[in-house]
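As written, the chain order gives the labels A, B, C and D, with residue 1 at the start of each chain.
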Amino acid sequence: MQVEKIAVVGATGYSGEELVRLLLRHPGVELACVTSRQYAGKALGEVYPKFRGLKYDALPVTASEASAVVASGARIVFLALPHGVASEFAAPLLDAGLRVIDLSADFRLKDKAVYKEFYGKEHPAPGLLSKSVYGLPELYREKIAAANLVASPGCYPTSIILPLVPLLKAGLIDPQSIVVSSMSGVSGAGRKVEADYLFVECNESVRPYGLPKHRHLSEIEQELGNAAGGKVTISFTPHLIPVNRGILTTIYAAPARGVAPEKISEAMGQSYKNEPFVRLLGEGLYPDIKNVAYTNFIDIAWRHDPRTGRLVLMSAIDNLIKGASGQAVQSMNLMCGLPETLGL
Amino acid sequence: MQVEKIAVVGATGYSGEELVRLLLRHPGVELACVTSRQYAGKALGEVYPKFRGLKYDALPVTASEASAVVASGARIVFLALPHGVASEFAAPLLDAGLRVIDLSADFRLKDKAVYKEFYGKEHPAPGLLSKSVYGLPELYREKIAAANLVASPGCYPTSIILPLVPLLKAGLIDPQSIVVSSMSGVSGAGRKVEADYLFVECNESVRPYGLPKHRHLSEIEQELGNAAGGKVTISFTPHLIPVNRGILTTIYAAPARGVAPEKISEAMGQSYKNEPFVRLLGEGLYPDIKNVAYTNFIDIAWRHDPRTGRLVLMSAIDNLIKGASGQAVQSMNLMCGLPETLGL
Amino acid sequence: MQVEKIAVVGATGYSGEELVRLLLRHPGVELACVTSRQYAGKALGEVYPKFRGLKYDALPVTASEASAVVASGARIVFLALPHGVASEFAAPLLDAGLRVIDLSADFRLKDKAVYKEFYGKEHPAPGLLSKSVYGLPELYREKIAAANLVASPGCYPTSIILPLVPLLKAGLIDPQSIVVSSMSGVSGAGRKVEADYLFVECNESVRPYGLPKHRHLSEIEQELGNAAGGKVTISFTPHLIPVNRGILTTIYAAPARGVAPEKISEAMGQSYKNEPFVRLLGEGLYPDIKNVAYTNFIDIAWRHDPRTGRLVLMSAIDNLIKGASGQAVQSMNLMCGLPETLGL
Amino acid sequence: MQVEKIAVVGATGYSGEELVRLLLRHPGVELACVTSRQYAGKALGEVYPKFRGLKYDALPVTASEASAVVASGARIVFLALPHGVASEFAAPLLDAGLRVIDLSADFRLKDKAVYKEFYGKEHPAPGLLSKSVYGLPELYREKIAAANLVASPGCYPTSIILPLVPLLKAGLIDPQSIVVSSMSGVSGAGRKVEADYLFVECNESVRPYGLPKHRHLSEIEQELGNAAGGKVTISFTPHLIPVNRGILTTIYAAPARGVAPEKISEAMGQSYKNEPFVRLLGEGLYPDIKNVAYTNFIDIAWRHDPRTGRLVLMSAIDNLIKGASGQAVQSMNLMCGLPETLGL
């Protein structure tokens, strides 16, 4: 198998670091270029003490410039940059013929008006929105394989969209009945040096935030709407919990009129039984962050509550892997024609 | 002020320990008797290293027998015993003229059929159910003051009932629309020596459990039904999170038809503005377990979501204090005619 | 008893916050003035959500200026300011006749040369060094009671000095054999908004730091030297561990020639048997941060190792209470003629 | 390369689970047999929810009997059994021609009298002691490669022996001056269902234990003695800290007379510069559990303290990997003639 050259732009956040960690062990690619505004000039092993002694620990980190990426010979570029910054980088890289996997929110929305509504400004590169593919392999496998621009999903969206899409597609639940509570580990906030994320402020603390209109709602509702074949609006409350990694999501929905509970299990099984990274939990099992940490799995369980008639769906992912870098590598594998699970 | 003699039966669980800690510093009572099956014969300071050097550290722990409690001269007895065991103790103590504050679930339900449905067996002392008062001072202050048997509420119920009752009483929300996600610290499971509660199994873990019919639902729905004036059935998912103490509850409900969002704030304010342990959070503030830990406060916030029309209510308590021992002391203060906040 | 007016200057760090929390519940004092550079103009309850609903939650926070403190009528002032800043404040307050309890390191050293060696600059108010009393009540009770300027000790020093002083005074250990490993909770670093103290960087992490010459060594060796009657130089390694509060210190020392192990226990007992905040642990017990958290106790244990001949001493304190604010309140009680344990 | 068949006996502890996790991803071996007394009859994926969806998740767990292991065709067997139980298993497996890597303490000591002193009973298979090789590849690489019985070291010993051996071999430190403080994550205690290891008892807790004569001292002093060419007796205090994984060890030692500090660095560099799993940290860097978690690395740093003349050595490992299962796999690679780092 031919080894593809890869670049990572913006490797200093938690997602970028995790991406590098995954690529260091990936047998099908060569890490040709790693960039960072903050650490340019240092070796990879100096920037990340945990990468010392591993392959590439002497790789020099370069400045975050598109020209440096192109010069490295990389054919696929991961952008692990803040929202808004990624779109500036994507255009010159695409023009130079590189393929881009963007981990930011910049290319996830198809409708620039929705972008403006949720991000509070005009989209910086609206022409690219129609060219990007939403990087959820379980939904868009073929398109991702052929794409030049992949918009890798956010962590909350992954944990919410995957449990719901099979049910919405099959018309088994009422799209307007969806209520979601998610609990995220602190790395989900990124490596932000703010008082809110200090150890003492997060440890022995649990708190909701960002109500009622978290930015991730835009991509969640876009994808749920695609599945339902119409507009979907949901309630969503994110919570910050004192673990490093992981998202646990609990979803409530009313079955559509006349739908027997066993149809839910059938639809889940049909959609996901052959998916390498989706694990459907049987009776008596609940998703738990610790069972998916450091893996690319999403664990999904569901229960029908005969008392209320509601369905409860639960999922767990590692926000840095299936919720970010692992999913991006899964897309990369598809784009390179490699086995989808390689290195994951 | 006259100092009341107090007993604590079953002081080895987390609630019992916390109760002793509160009573040690309470200026209005004398701890006359502490019992424990496991530690009878030891001094209090030997059983709990953290109580050495404090008042009563030499108090001998006696066996858990009603006669010993009566002999101690205690006038008020806290029962911090497992569910099912408490009811056996209550009868002889009440017969002997003592007043009982029970922290278990044994006397919380008014309907013995509901008890059987949720606890899977006949109630052991059904004759006492009509005599007990549900020990939530914000709802039943006068009745508690006069009661001989107080059934102190559970931790999840406290965090759910207090935010919802003012809205149900005023008819502001649709009782059948209520969906609740709660996150509990590990002490909520009690001091159970089971693999599920080992450090390594809980740390870096988040998991739902007990779906779809947690036992606490019975008392929650009883009290919500009382407020609504009719049967209320809700969805409730508890989650275990890696903190020692605290419950964070997030509640979703649809406003009743035609209810303007500002009515919610009015009803909350009217119900709770003078309550010493209820803090209503203003704009921009969210409840956080760390702000109520080691206190008897419940912090409550709410948001109306114009996108979905739903109301989101959030609350935080210390499960061992406002969710158990602090609330029981609050009831004791009422029963003794002491200032309600004394020692809390 | 007469209620003393008190001021807290610099209430935004963890020590300042804890000090306010203790003073809110202290029955013998009135909090007349709280200052903060950052939050001047807000009410106390706005600055600290956890203080809402408590006494003084409407107290306006004033700017950190000596004149405001004097104007408030406070007789005793706590300085909870960064090192170097405190000394600027102390002089005008002392001149105005107020008594000062300083929680910084500014007045802990008697020798300005040692200050310069460890803090890297000239002492800003060397004239005050001879007037200050090192605020460790177990060693300097009478001097503190009479002092106008108390230099309240640091958290590491408290956990190290108290176990060692009785043994050094009695000549029972070799002063040059002392080796100390301490483990501190993250609040020990203060509320510093730096990447090193982010939740994700501290959780699931343990690390030494500050070797080989931590600043606290200067006051530790000063006090050990006073006890030994000569210069003492020790090895000291601090470690950062993922708990909010607490210091656990383990000390190794060689008994002086010919000293029988039982002499150690005798000396400890004689020194501390009547100390209200020192708990000497008997056989089979070890200090544990969780047993002293939220208290002003120091727990001390020791073992003689016949294999090596060395003595191992272990202590635990809450770094924010006995290691900072509680100890300062203990000194305040002494200065006001109040019972030493009042409010603690 | 030929794929070796492997068995794991006793896969239900944390070390056994971690071993299975490593072997699942190891490209050079086939997991032919996994045994467990508790879970015999279940599939591997049922026993460990985190292994569902991975290779071998349908592998049936067999009862822990030597005959079943032999019948599986495994050539190398890992014993992840409690101390004392492993030795019973080893003999029949060795007799049947299998090679054994034992993760317990049963074969680590060469002297059965030392075993009796530290473990309190006669060694159950003293004849095997002379045949076993201490499985620390950095010290015994060639012997391990040829061994039929490897006694894989404990977690504390690995973190202490590796930093000290180069210095003792070169005579650079005084062997009688060694003092060690270690901090271990809770998984180091094994999956013991005891109250001491409950989440609430470990979280926000730090405590020493097992003084003054921890069992691991026996193997530590054996190996240090071998390096020093004479008996070595050290002081050692283990501490339990609230992290899942990892050991941080801090060692104090006096340089031998006349040894210049730079000799230390030379000796370390010469011993370890080509070791794939030893990382020597340069100036300004400290070991941190989070940098070695989930890896087979040991990070080592040292500082000379001119004030006391003492040397401070610090190391960090993942107790379940370099301190247990990873190290055992490293030995397995040597025994199979595979690259030493394969799968690690």
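Throughout what follows, a residue touches a chain if its C-beta (ideal position, glycine included) is under 8 Å from a C-beta of that chain, and two chains touch if they have at least 3 such contacts.
From a predicted model like this one, the values you see are computed outputs, not experimental measurements.
Chain centres were defined as the mean of their Cα atoms; on that basis the chain farthest from subunit C turns out to be A. Between C-D and B-C, more C-beta contact pairs are found at C-D. Here the spacing of subunit C and subunit D, counted between their Cα centres, is 40 Å.
Here the CA centre of subunit A is 46 Å from the CA centre of subunit C.
Chain centres here are Cα averages; for subunit B and subunit C they lie 37 Å apart.
For subunit B, the set of residues touching two or more other chains reads 201, 203-204, 242-244, 288, 290. Listing the residues of subunit B that touch subunit A in their complex gives 179, 181, 183, 201, 203-209, 211-213, 233-235, 237, 239, 241-246, 248, 250, 252, 286-290, 293, 303-308, 310, 312, 314, 316. Within the complex formed with subunit D, the subunit B residues making contact are 14, 186-187, 191-195, 197-204, 242-244. Looking at the complex, you find that subunit C touches subunit B at residues 49-50, 52-53, 204, 276-277, 279, 281, 285, 288, 290-292, 294-295, 297, 299.
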